[in-house]
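Below are two complexes that have subunit A in common, paired first with subunit B and then with subunit C.
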Partner chain A sequence: MSVRLALDIGLALLVFAVAARTIFARGAFEAVVDYVAYGLLLSIVWIRLFAVDVALTEDAIGGGVTGVLLIGAAARLRSAETVAAEETPSGSLRVFAACLCLLVTAVLAGVVLLLPDPGPTLAPQAAEHLAETGLGNPVTAVLIAYRAVDTMLEKVVLVLAVVGVWSLAPDRFWGGAPGEARAARPEPTLAFLAQVLPPLGILVGIHVFWAGANEPGGAFQGGAILAAMWLILMMARLTEAPPVGALWLRLALVAGPAVFLAFGVAGFVMASGFFSYPPGFAKPLILFIEAFMLLTIAVTLPMLVAGPPRREPRP
Partner chain B sequence: MTQATLAGLIGAALVGLGLYGLITNPQPLRKNLAFNLIGSGVFLIFGIFARKGAAAGFPADPVPQAMVITGIVVAFAASALAVALVLRLHEETGRATLRPDAWTKPPSDGAGSE
Partner chain C sequence: MSFALDVFSIVANGAGVFFFVAGIVGLLRFPDALTRLHALTKADNLGLGLVVLGLLTRAGSLLGALKLIAIWALVQLAGATAAQLIGRAVRRKGPAV
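So, the complex of A and B:
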């Protein structure tokens, strides 16, 4: 057995063990902490699959931002945990569920083992037209050029999620701000971290976006890093979330999908059809659209984590 | 066994594990976590499709990769909405449970004196 295979098997076992802990951990808080570790380990698996773009996304969004969201929720739900513990299903039902889940796993494992090698692929088609987009990263080309409608609609889903979260606000808080108010005396350790990290993080986030045209990275990953920087500032209570009625906030939330859609429709006039780019101008247009998507992601993710408005609007 | 197959097998195991958590754990937040495990298992199986589709000088087919990236972001948006719903339920009733009779009972002793 080669060293690499041994490492891969070790990594697989570790991922599985941490995943099992998130399911079987006693408290919700421990489970969430395990889930964050699981997200980081999973991104190593993605790197081993040569999918560095996915690894970056999994790290930033799957582990990082989801982790922040769930840790906050677990802390607030702590009082409800003991009540829920009485509702755990009986032993026989759990055994039945375990058998069912083993069956699902066995079927999926069978499918994985029986896959043809090499499998069906769209890589040649992606490579063929890559030069026309002017991009070097095929994943970015798929996201913004070949399957642009998917990506645009996904931005719409993000906006809809924000609308859904905000609509859960009690009436008296509507128009107010989510999250905690700015603290008069922020907690020193957090405040220090929140002053040191963001300058670096903003630089890294914009670099990941810019480099994403040719190297692994892109608007999703860069946007998630920028979002994390804003979240750190809000968590340290050096700044507070804007009121949900703020015009700039709403413009930033819809900027990504709106600009994307506008250029998609402009494709009818400038190029050969919906979501097509004029030859020779594809790369600057793609980067222009991506810049607005970066803004939307960087604003949407913290708003989703901050939740519905919790303070009355200022007169 | 190649790395891709191994990753696919982890994916299969994660789907089963997540499904078990989704069925047996009564807390909505833990169900959300379990559902995220199922999601990442499915994404890993996409990963093996991508890796097996390596061609034209790319180490992996970019199309499934792009779909997984989209999927991760949408999964986060759905999780955030679910968490907001659970927190609001907790604010209103003092408990976080999916039991249908939870709405009619006050959180403490079930005597109905609100």
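So, the complex of A and C:
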């Protein structure tokens, strides 16, 4: 058995063990911590499968942003947790749920194992037409050129998620800012990190976006890094979440999907149809669209974490 | 020369792994949160530092080497901050049961 195979098997066992820990964790907070570790392990699995783009996304979204969201949720649910623990469903119901989960897992495993060898793939076609997009990274080409509608709709879903969070606000807070009023003194340790890290983080975020045209990376991963920088600033209480009524915030939230959709419709005039790019101009257009998506992602994710408005708007 | 670099790489990486293992042993064996934090931060600083040192000879380019050093510096910063925050929380609220 080669060293690599041994490492891969070890990694797979570790993923299973952490997944089991996540399920059997007693409290919500423990489960979230395990889930974040699970996301980080999963990104190593993606790297071993040579899917670096997916690994970056898993790290930034699965481990990072989802982790922050879930920790926030666990903290808010802490007071209700003891009540929920008393309402544990009966043994037979839990066995039934476990059986259903096992069934889904077995079906998924069966589908993967029964795939013909070599599996059905569109990879050759994607690689063949890569030159026409002017991009070097086939994943970015699939996201912004081949399956542009899907990616645009994904961003719409993100904006809808923010609308969903905001709609939890009581009427009198509508238009106000999420989160508590800014504390007089920022948390000193976190404030230090929040002052040192963002210059570097913003540079890395934009680099990941820019490099995404030709190498692993892209608007989503870069946007998540930028979002993390803003989140650190808010957590250190060096800055507050903006009021949800702010015009610049609204514009930034819809900029990505709106610009994407505008160019998609413009494809009817400039090129051969909906979401098609004029030959020769594909790459600059794609980067232009992606820049706005970067902005939208960098604003959407912190707004999801910040939660619904909890203060009355300033007159 | 390349043999010497390989030996250096292996020794540095081996030493790094030793510190990580020592850190994990500390995490599992030490009695309370603060001492466990102490064990973990040592593993992060020295262990990762030595692994990065060992990988520098294989970085291939100056830019790659600088990126490795930047990763080490960032992990130092994040690790130290997280350790401070956890330590502060433990002192304020007492150790978790």
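The criterion applied here is as follows: the second predicted complex is superposed on the first by the 314 of 315 C-alpha atoms of A that agree within 3 Å, B and C clash if a C-alpha of one lies under 4 Å from a C-alpha of the other, contacts with A are read in each partner's own complex, and residues count from 1 in each chain.
The working rule: a residue touches a chain if its C-beta (ideal position, glycine included) is under 8 Å from a C-beta of that chain, and two chains touch if they have at least 3 such contacts.
Computed from a predicted model, the values in this text were never measured in an experiment.
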item	value
Partner chain(s) touched by A:192 [first = subunit B, second = subunit C, both, neither]	second
Touch count on subunit A, higher of subunit B and subunit C	B
Which of subunit B and subunit C A:73 touches, first, second, both or neither	first
First (subunit B), second (subunit C), both or neither touched by A:102	first
Subunit B versus subunit C as contact partner of A:19, first or second or both or neither	first
Touching partner for A:133 - first (subunit B), second (subunit C), both, neither	neither
Partner chain(s) touched by A:43 [first = subunit B, second = subunit C, both, neither]	neither
Contacts of A:200 with subunit B and subunit C, given as first, second, both or neither	second
Touched partner set for A:8, first subunit B, second subunit C, both or neither	first
First, second, both or neither for A:51, with subunit B first and subunit C second	first
Subunit A partner contacts - residues on subunit C that touch it in the complex	74, 77-78, 81, 84-85, 88
In the complex with subunit A, residue positions of subunit B that touch it	1, 3-21, 23-27, 29-30, 32-34, 36-37, 40, 43-45, 47-63, 65-70, 72-81, 83-88, 90, 94-97, 99, 107
Interfacial residue positions of subunit A with respect to subunit C in the complex	187, 189-190, 192-193, 196-197, 200
Complex interface listing, subunit A residues touching subunit B	5, 8-9, 12, 15-16, 19-20, 22-23, 28, 31-32, 35, 38-39, 42, 45-46, 48-51, 53-54, 57-58, 61-62, 65-66, 69-70, 73-74, 76-77, 79-81, 83-85, 87-89, 93-94, 97-98, 100-102, 104-106, 108-109, 111-113, 115-124, 126-128, 138-139, 141-143, 146-147, 150-151, 154, 157-158, 160-161, 164-165, 168, 218, 220, 297, 301, 304-305, 307-308
